[in-house]
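Across the two complexes that follow, chain A remains constant while its partner is chain B and subsequently chain C.
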Partner chain A sequence: MTLDPLNAVLIGVILLLAVGFYGLLITRNLIKIVLVLQILVKAVVIALVLAGKASGQPGLGQSIAATVIVADTIVAVVALALAVQVRIRFGTLDLSKISSLRG
Partner chain B sequence: MIESVCYLLLGMGAAFCAYRAMISNHLLPSTLYLACVSALASITLYMLGAQEVAVIELSVGAGLVTVLLVYAISVVGEDNLDPSSIIPKPLAFVLVSTIAILAASMVYPLLTSVNGAEQVPLAQVLWKERALDVWVQVALIFSGVMGVLGLLSEKEQKNRSHEEVIPSVELEKEVHV
Partner chain C sequence: MTAILVSLVIGIPWIGALILWRTSDEAPRLQHTLAVAFSIAAGLSSLALLPYATSNTVIDIPMGSVFGNLTFTPDGLAVTLTIIACVIGSLAVIFSVDYMKGEAQLSRYYAFVLLFIGAMAGLVLSGSILFMFFFWEITALCSYALISFYNDDPKAVAGGIKALIITQVGGVGLLAGALITYATLGSYQISDLINNTESMPANLLGLIAFGFLLAAAAKSAQFPFHTWLPDAMEAPTPISALIHAATMVNAGVYLLARFYPAFVHVPGWALSVTIVGLISALITAFMALTATDLKRALAYSTVSQLGYMVYAIGVGGFFASQFHLLSHAVFKALLFLAAGAVIHAAGTRDMRRMGALGRQMPFVRNVFILGALALMGLPILNGFWSKELILEMGLTHGPLWAYVGMLLVAGMTAFYTLRMTWLVFFGKAREALHVHETGIAMKISLGLLAIGTFTTWLLAGPFSHMLQQTLVFHSVTELTTLELVEEILFTPATYGALAVVTLGLGIFWLGRKQAAVGKEARFDILSRESFGFEWLNRQVTSLTLQAGSALQKTQTGKLNWNVMGILGALLAVLAFLLWSA
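Moving on, here comes the complex of A and B:
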């Protein structure tokens, strides 16, 4: 049984996505949620480049991957600043303690 | 075959580092594991032929984001992390495994047919065909910088207003005396 290189990359992408989704489900700390989102986006970036290469348009996949990296960095920056403000105002980073919604 | 093994090892290493980053009880080791994930992802991107994206990923993912995370952790300090998860861990594991198997089964047939179309360089795609994306990136960077400045400068404004209040209170005390 031979393993194609693209399928080997796909296995890594699926593993990273699975770990990211699992972390997103079980994590309650705000900074750790930012961290888990970073893991998910790294998997998506590799998947975009892989898709570009598989479809014969590597330039398109790479340009979209670069855009995603920039957008993800801005999301991380703003989310971290918000987490810092939440910690200053509420004294905790635990989502269940911060949330005022009940039901 | 060796290339496939390399990709597989890189993917499994990245997934292992991501798992360690997720289950670690302290935030600083989690950040370092995230930097490892970013470095391994960069190597994968480089091997896939996306050298420019690999450099961006390494400098931004392993550099800038790690520095920002360490700064944020130094400001907020170490919290007691994750006493219990939102949903039961076995249920989360089953859900994620199902999603992963479904995603793999959907994507796997698409990757087997690789066609050799004409390859356009990244610079041409980025600056000519996807010029709007570049402008969106510029706008995103400016909005991110402005957002962070606004959020982080709020504390200084609060301190300044506090300093302005104190002399007026002292003046009132003097008047009463």
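Moving on, here comes the complex of A and C:
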């Protein structure tokens, strides 16, 4: 049985998404959450390239993917900086301990 | 010319509102003068619009694909209501010069009054349902802000919020109707909707029709939404006269009248309108029988008279309803302002504490009696002609049981109006209230309204002529004033109604000794609870609060739970899409 390369990439994207969401469901450590979000965004980047290829506009898909990479890097940097600040102020990285948004 | 006048009628009060908003409360004289000047200018420009009434759209501005066109159509119906809003608005502002003397924060007061006058004019002049909805909501906002004007009084704040929430419920009906119209016809224009009712799917047209009935009932405080108007009486009295008697509460009646040609063939719509009017008129007339608060009694009678207008539309008496709207706006504004003068002087709204005030304030007594006679529907005041016209329409075109109900309401109206007048101005002085005659500004507005109570019915002929000339979709038969007089005087129905009114008066007169006794009447509790509707209101409030605290538990503040919620919803949507495909 042969697999269409586009479908193979799609399965990879879905697997990455599943890993990312699973991580978001179980993780409480702020640093790990940043990592998990990175995995999710990588899935999205691949999906963008794939969508470009599938719709016959590979240039468009790749350029949007490059934009997302840049934006996402900034998000990751800021998130990590915030995590450091949280650690300094609260003395912990455990989300359930620092959350104050309880109803 | 017409376009300029239309923009002036809306623009002058709104510019006035902006300027008044910025004035300093340290200079009340300037504020009074500015407010009176702007409102009179608006009143004059609305009167100037009268000869230019036309069925054409005079302003048409494209506002982009989402909002459609902002259009204004000053036809006879719109112009009449604009004049009511602007002229009675300016009289209420003149009255406020005396009534609000020495009050703090006049800039807020006058700014909202002027904003309201402009919005009311825009509401009736608008030819687009969507923009009508916007103006509709602005009037609701002004009503809320002015009911809660004394914002350190918890009752005033509660009354304002109650009015706002209930009218918002109705506003949803109007917005839904506007959006459905746009979705099916691609236009928000009223004329497009009325022109294309035959090509519209019947179920959608029914939705619009009943959505608009919901909006009208909430705005005009009709059954089952009649509970907000009595609580709105915490507002300063000129506001009660302007917004909660003469103009804003008429918006619902206006809406039904405006779209009557579109909805008349929707099955059950006309009958529902009749029943809503009948029930509102009956139960609020009943509540007015035992009310002890002067303003609340007037508020009940307002709902009751609005019920007459709604009933008239239900039985097909379009002209009768608008004619009564005009009469009612004048005499009820007169009654409210006269009541305001009494309350201002006596310092209480409790009728049980008043009595024999007529000797100290003869002018107010005389104009109040005039208004009361018009409210009872006694000749030759304007209330008589319009009410008899409605009853005649009801007898000839409507179901008999509804007519009998409305006849009963006429008798009850006579009873409670005489009771009100008697308790306040006649009988024995029950408390030594130190009252004084009113100031000159109050006298001017009261005097003008009293003249109007005598004379507006003479306008029936020109009014029907204008409606007949400028309304494309309504079939109004032109009727000269003389024909109207003949028609009413030579109908046996008139004498039947007068007999019922006399009966109501007679019953009160025989029992007048008991009227001021403070003991609880047997059905007092029924009235105070609005026949269980106050209970219903409280249930809705407490259910909302309970649901809020129950749902609070879902706010765990934990990221993992929130992600799970998002994922669950995403999967549900995907599953639904797959299933429906």
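Here is the rule we go by: the second predicted complex is superposed on the first by the 101 of 103 C-alpha atoms of A that agree within 3 Å, B and C clash if a C-alpha of one lies under 4 Å from a C-alpha of the other, contacts with A are read in each partner's own complex, and residues count from 1 in each chain.
Definition applied: contacts are C-beta pairs under 8 Å (C-beta built on N, C-alpha and C of every residue); 3 or more make two chains touch, one makes a residue touch a chain.
In this text, all values refer to a predicted model and were calculated from it rather than measured experimentally.
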Mind working out whether A:33 is in touch with chain B, chain C, both or neither, as first, second, both or neither?
second
First (chain B), second (chain C), both or neither: which does A:25 touch?
both
Between chain B and chain C, whom does A:67 touch in the aligned arrangement: first, second, both, or neither?
first
Between chain B (first) and chain C (second), which, if any, makes contact with A:78: first, second, both or neither?
first
Per-residue touch tally on chain A - higher for chain B or for chain C
B
For A:5 in the superposed arrangement: first (chain B), second (chain C), both or neither?
first
Find the residues of chain A that appear in the contact set with chain B and again in the contact set with chain C.
21, 25-28, 95-96
For the complex, which residues does chain B have touching chain A?
1, 3-5, 7-8, 10-12, 14-15, 18-19, 21-22, 27, 30-31, 34, 37-38, 41, 44-45, 48-50, 52-53, 56-57, 60-61, 64-65, 68-69, 71-73, 75-76, 79, 81-87, 89, 92-93, 95-97, 99-100, 103-104, 107-108, 110-112, 114-122, 124-126, 129-130, 133, 136-137, 140-141, 143-144, 147-148, 151-152, 154-155
Chain A residues within the chain C interface of the complex:
21, 24-28, 33, 95-96, 99-103
Report the residues of chain C in contact with chain A in the complex, numbered from low to high.
552-560, 563-564, 567
Inside the complex, what are the residues of chain A that reach chain B?
2-23, 25-29, 31-32, 34-36, 38-39, 42, 45-46, 49-50, 53-67, 69-71, 73-74, 76-78, 80-85, 87-88, 92-96
